[in-house]
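I've put the structures underneath this note.
In what follows, chain A forms one complex with chain B and a second complex with chain C.
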Partner chain A sequence: MADDLLQRSAIRLGERATDRDDAIRRCGATLVEIGSVDPAYVDAMLLRERSISTYVGEGVAIPHATLEGKSSVHRDALAVLRFPDGVDWGGETVAVCVAIAAKGDGHVAILSELAQILLEPDRARELREATDPDDVLRLLAPVGQSPLGEDAA
Partner chain B sequence: MPSRTVTVGSASGLHARPAALFVAAAGAQSVAVTIRTADKAPVPARSMLSVLSLGARFGTEVVLEAEGEGADDALDALADLLARDLDAPDTADAPATVEGHGG
Partner chain C sequence: MPTIKGSDVHKVVVACDAGMGSSVMLASQLRKQLAGQAVTVEHTPVSSIPADADVVVVHRGLADRARAIAPDTVIVPVQVFIGDPAVNAIVTAVKNGSDLNG
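Our next item is the complex of A and B:
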């Protein structure tokens, strides 16, 4: 469905990055490519990451911009980039980035769903090791379909 | 068990940045603290994923609990942190130095 937050075209499972900034730029470029954000959003993502790491655990980081970056968001969306070789993330190793572009406070609902998935070791490992976009869509279905900006409980 | 009930003060909820600051502060305490919302089971306050899984928004009431020596001090420090707007830029530089100034 076109309204889904996570579209197949925003799932890239064979990425490489030289470092954390490079990985974030790739995440940002994906969001730009799918028409979700302006390029300015990518700079805001980099700034946000320097402020406090978006690493959440289980080899997953969730790059996104600060509140100041919201004006660069055209459409709420997610991008999933997998780095099979891993990316050093301030001492942690990141295998998967779930990049977030959201205008409202939809972050909270998305992160809650994502966290609940990652708290299950089997599902977290499946996400880290995914090679098929269909698997990612299935694993993240509760996240990809959450209505952003809606005042969900 | 000593506990504190707090309303989340961060404008955008207990999401990435406020959650990261809170988890870091919880990890620095001498006792293990749990956090829960009204309808969910308590989870470790020093686990980022667990805290994120609560999905607490601005205005959500959460309960902090801890036991043992230093529990009250830890709860006071973390309750103070949660009640503040951790999205405000000026709080980002001093996450670990929450003081009980009762303002």
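Our next item is the complex of A and C:
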């Protein structure tokens, strides 16, 4: 369930990328590494980004594949990659990517929380400046649930 | 161009390419904004827009595909998924019962 969706090992807060594609490849490689997706999923993420940006505001993008990419998903998962130097994202600057691989709806609660964060400038800044995975887990924990990291322990 | 009265809106569908990212976030926001109204909010891939949708919200780049699939339904294109004025216009129309074009 939600506990497994965002694993601590998929939260990487000191990433660097030369450009948007590079950042998406880093996100995709993380999803591959944790066994969530096939490498083909990463290509689908790049394609999707070229057709429609996944930038959602406040320095956050949510790279994910198109519908076709769903067949490359083994297990629903999220990855959070932070790029302290920022990445040019078609004119916007992205500091945090929340990469998504999902066949089902298990991740909806976390994305709802992310949507709420984007409407609250202070929490959005906390997410952009997070250096401790526990802070990310706490920020993204759906309201009414204890931090995901503790649940998983 | 189809028009619907806000008071006749009972199902809003947020559609995106895969139905796994932006549409999920936007649907959750809309659901909060429309809490207390007799309106359900769903998110789907643009290829699976249900026939009983009263209003379809899609990214601008997918609006033509959505219109081809649901030609008689009000389609509301958005540019940004969080805080887009077009989304606020839906909320206002539902609450006031005013017309919504698309």
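To be clear about the criterion, the second predicted complex is superposed on the first by the 132 of 153 C-alpha atoms of A that agree within 3 Å, B and C clash if a C-alpha of one lies under 4 Å from a C-alpha of the other, contacts with A are read in each partner's own complex, and residues count from 1 in each chain.
Following the convention adopted for this analysis, a contact is a pair of C-beta atoms (placed from the backbone, for glycine too) under 8 Å apart; a residue touches a chain by one contact, two chains touch by 3 or more.
No experiment lies behind these values; they were computed from the predicted model shown.
Asker: Using the superposition on chain A, tell me whether chain B and chain C clash or fit.
Answerer: Overlaying the two structures gives a clash between chain B and chain C.
Asker: Taking the superposition on A as described, I'd like to know which of chain B and chain C A:11 touches: first, second, both or neither.
Answerer: In the superposed model, A:11 contacts neither chain B nor chain C.
Asker: Determine, under the contact definition given at the top, whether A:115 touches first (chain B), second (chain C), both, or neither.
Answerer: A:115: touches chain B and chain C.
Asker: In the superposed arrangement, does A:65 touch chain B (first), chain C (second), both or neither?
Answerer: So A:65 only meets chain C here.
Asker: Which holds for A:77: it touches chain B only (first), chain C only (second), both, or neither?
Answerer: A:77 contacts neither chain B nor chain C.
Asker: Check whether A:37 is in contact with chain B, with chain C, with both or with neither, and answer first, second, both or neither.
Answerer: A:37 sits against neither chain B nor chain C.
Asker: Jot down the residues of chain A that show up as touching in both complexes, chain B in one and chain C in the other.
Answerer: On chain A, the residues that contact chain B in one structure and chain C in the other are 48, 51-52, 54, 56-57, 62, 64, 66-67, 105, 107-108, 111-112, 114-116, 118-119.
Asker: Quick check: in the complex, which residue numbers of chain A touch chain B?
Answerer: Residues 48, 51-58, 62, 64, 66-67, 105, 107-109, 111-116, 118-119 of chain A touch chain B in their complex.
Asker: If you look only at chain B, which of its residues touch chain A in the complex?
Answerer: Residue positions touching the partner: 11-17, 19-21, 47-58, 87, 92.
Asker: Mind listing the chain C positions that touch chain A in their complex?
Answerer: 16-22, 24-26, 28-29, 45, 47, 59, 61-62, 80-83
Asker: Okay, in this complex, where on chain A does chain C touch?
Answerer: 48, 51-52, 54, 56-57, 62, 64-67, 69-70, 100, 102, 105, 107-108, 111-112, 114-116, 118-119
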